[in-house]
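In what follows, chain A forms one complex with chain B and a second complex with chain C.
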Partner chain A sequence: MATGTEAAHGPTPGEYIAHHLTHFNGTGGKQAALVDFSLVNYDTLFWAVAMGVLGCFVLWLAARKATSGVPGRFQAAVELLVEMVGDQAKGLIHSPESRKFVAPLALTVFVWVFLMNAMDFIPVDLIPRLWEMIYGGMGHDPHHAYQRVVATADINATLGMSITVLLICLFYNVKIKGAGGWAHELVSAPFGTSKNPILAVVLGLVNFAMQIIEFAAKTISHGMRLFGNMFAGELIFMLIALMGAAWTGYNAPSILLFLGHFVAGMAWTLFHILVVVLQAFIFMMLTLVYVGQAHESH
Partner chain B sequence: MNLNATLLAQIVVFLAFVVFTMKFVWPPIVKALDERAKKIADGLAAADKAKTDLALAEKRVGEELRKARESASDLRGGAEKQATQLVDDARAEAARIIAQAREAAEKEADAAAQRAKDDLREQIALLAVAGAERILRREVNAQAHADLLANLKQELR
Partner chain C sequence: MEQVHGLVALACGLIIGLGAIGACIGIALMGGKYLEASARQPELMNALQVKMFLLAGLIDAAFIIGTGIALWFATSTFLA
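This part shows the complex of A and B:
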């Protein structure tokens, strides 16, 4: 498809979207295989680290000067956040020892996911266009300058996080119930066991299969939910951007599309504020719920 | 939605941020929150204590006032009694002095009257002698008639 004439006339809508949905992974194009662990999406990694550092830095600024006296507005705001996360953690995880790790985990998840999601509010073409200039300036082909700024719209980021949560859940399963206790739970829950040895083996296999399915379903749905929401949000921003991109001069269709771009862009951004915060909150709550479940015996 | 090594990198990055938050963000903020909660609780307790202390102090003040008022009225009663006693004593003393003075004066007056009567009697006797002399035209020997005069004086008494 990529021919000289298209490059001269600008991309078609399909090409525009495809270009915006391609990660900067060092290959200069789309990843060919569905799974390829030799590649890294540098853009996702960069923005994820940048948002994490920003979030941690802001929290650290508040923590550094935290005083038990009269708090300033900034400290009060961060305290509000900490209190909210702390209350949720208290409600879902009853072990104070575990909360020392899990409550900061939940705070990190909330702040980090919120900031990564919030990258959606930056105009969809701004950073990719700047990156095109930088990439071209470095002597590469600017048509292959790929840049996606919403890290949570990359399945690798969200699944990476949900798998981390899974690992933490497994850790707490062993820590709270002991290796033997957890192994027993794996083959005896949710259907119980039997005195009859043959039936016990059958039930054990079924229970074990159910447990594996449960863990897999939790982890995949945890990561996919956030990814799906943010991916869809990003895609709709791109589609809205196409309306303005259809500008051909001062004629009625162009002006109407321009107005449409403005109105739809504003409406979707306002709605997306809700989605961004809600998804961050849901991701945090599910993290707490899953870790809390790891503390409970069936 | 292709999977690649970003997923593994994300796990490492995630854990690094969690550890940072756990070490440097969460503890100071939670510590500040807990300390503030304790301060507020202490402040409220202190306010309650101050209130009960104040009530106690007010009660004690009332008690003291009542006691002071009682002792003051006792004192006043005693002083009044003492004053009346003093006045009564003085009055009795004065009456006694007056009576004494009157008695002395009466005694003196009686003595003076007696003396005057005696003088008068003497002079009357002399006058009577002189009168008799003149009547008799002769000299009466006072010595010779001393007994007579003495009798006369006795009679005039």
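This part shows the complex of A and C:
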């Protein structure tokens, strides 16, 4: 967790948190504009890809050694996971044709989001501190070495994933209902249509607006929910680390704060295990629910 | 500056407090219903438990997001 080395000319708590909340985006500082498509958060990109590769590797390892005989513990665990996702997919998506693609997608989403969330369990200062040494060693200013390891605590990553889910939903809408059928649904659900042409146009506009609002709300809440939970969790880990960072020597307040750091950090980590798994599960379930909705015609 | 501090403190209390009220009532209602349902049909307990945890995550999400934002306001105001 927090190291005591900041004590000499350490950052203030506000600076410490701000430093830990800045992405490594190549500009050596915070993103200035709220929306700036010319920047890439390299840390998010790196950790997301690394976790994806790790997840694929672990599942590949299980698949490579899989036997039809008595499975080992590792294979049994992976089988449990695959079956759990498969069961959920069966309950929510009734077309076996679509399930061939969507069930593996859901498994990938679950494993990937879980691994990205689980980066929260690594002590908050460990990887940023290592990165500071590497960045300093490469001849840059170590005070501007920013690194955030929880990819899902970056709204760009979570909204990117939820927009991908939206695109998959649009694809299945067109595939299952046909372009004409879907266009008809866009203007006739949820309020229906009318025989009177003027009323039909009015209802069509209202229906279309409702559909757009529904798609936007689904996508934004899908991404924001994961981001919000992970960001809040990461922030609370940093606040807990501040207690240990207040170390000034072997005196009573420092020792009490250190104990507080230890106890609070452990309690939050234990609670966070639940949050990490739940949020990965919810993200997967909502992916399945949304794709399932794309299959239903009104 | 004192006034800003006071207002931020009040705002953080309201964000966390009101969020906690909502999340607690939600979790309590759902937990109660879950116990009722599994007392009536114990064979459904496992299937319901999965759904209960899913909903617990959905109910908790807004509250945890609010807590995170409130803590961020508080730290950036009082510790800066």
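Points worth noting:
Following the convention adopted for this analysis, the second predicted complex is superposed on the first by the 290 of 298 C-alpha atoms of A that agree within 3 Å, B and C clash if a C-alpha of one lies under 4 Å from a C-alpha of the other, contacts with A are read in each partner's own complex, and residues count from 1 in each chain.
We take it that a contact is a pair of C-beta atoms (placed from the backbone, for glycine too) under 8 Å apart; a residue touches a chain by one contact, two chains touch by 3 or more.
This is a predicted model, so every value here is computed, not measured.
In the superposed model, A:49 lies in contact with chain B only, and not with chain C.
Contact with chain C, but none with chain B, is seen for A:282 once the two complexes are overlaid on the shared chain. In the superposition on chain A, A:247 makes contact with neither chain B nor chain C.
In the superposition on chain A, A:38 contacts chain B only, with no contact to chain C. In the superposition on chain A, A:208 makes contact with neither chain B nor chain C. Between chain B and chain C, B touches the greater number of residues of chain A. When both complexes are overlaid on chain A, the residue A:258 reaches neither chain B nor chain C. By the touch criterion defined above, A:161 reaches chain B but does not reach chain C. In the superposition on chain A, chain A positions 231 are in contact with chain B in one complex as well as with chain C in the other.
Interface of chain A with chain C (complex): residues 12-14, 17-18, 224-225, 228-229, 231-233, 235-236, 239, 242, 275, 278-279, 281-282, 285. Chain contact summary for the complex, chain B toward chain A: residues 1-11, 13-18, 20-22, 24-36, 39. Across the complex, chain A meets chain B through its residues 25, 30-31, 33-41, 44-45, 48-49, 52, 55-56, 59-60, 62-64, 66-69, 71, 75, 78-79, 82-83, 86, 100-101, 103-105, 107-108, 112, 154-157, 159-161, 163-164, 167, 227, 231. Touching chain A in their complex are the following residues of chain C: 53-54, 56-58, 60-62, 64-65, 67-69, 71-72, 75-76, 79-80.
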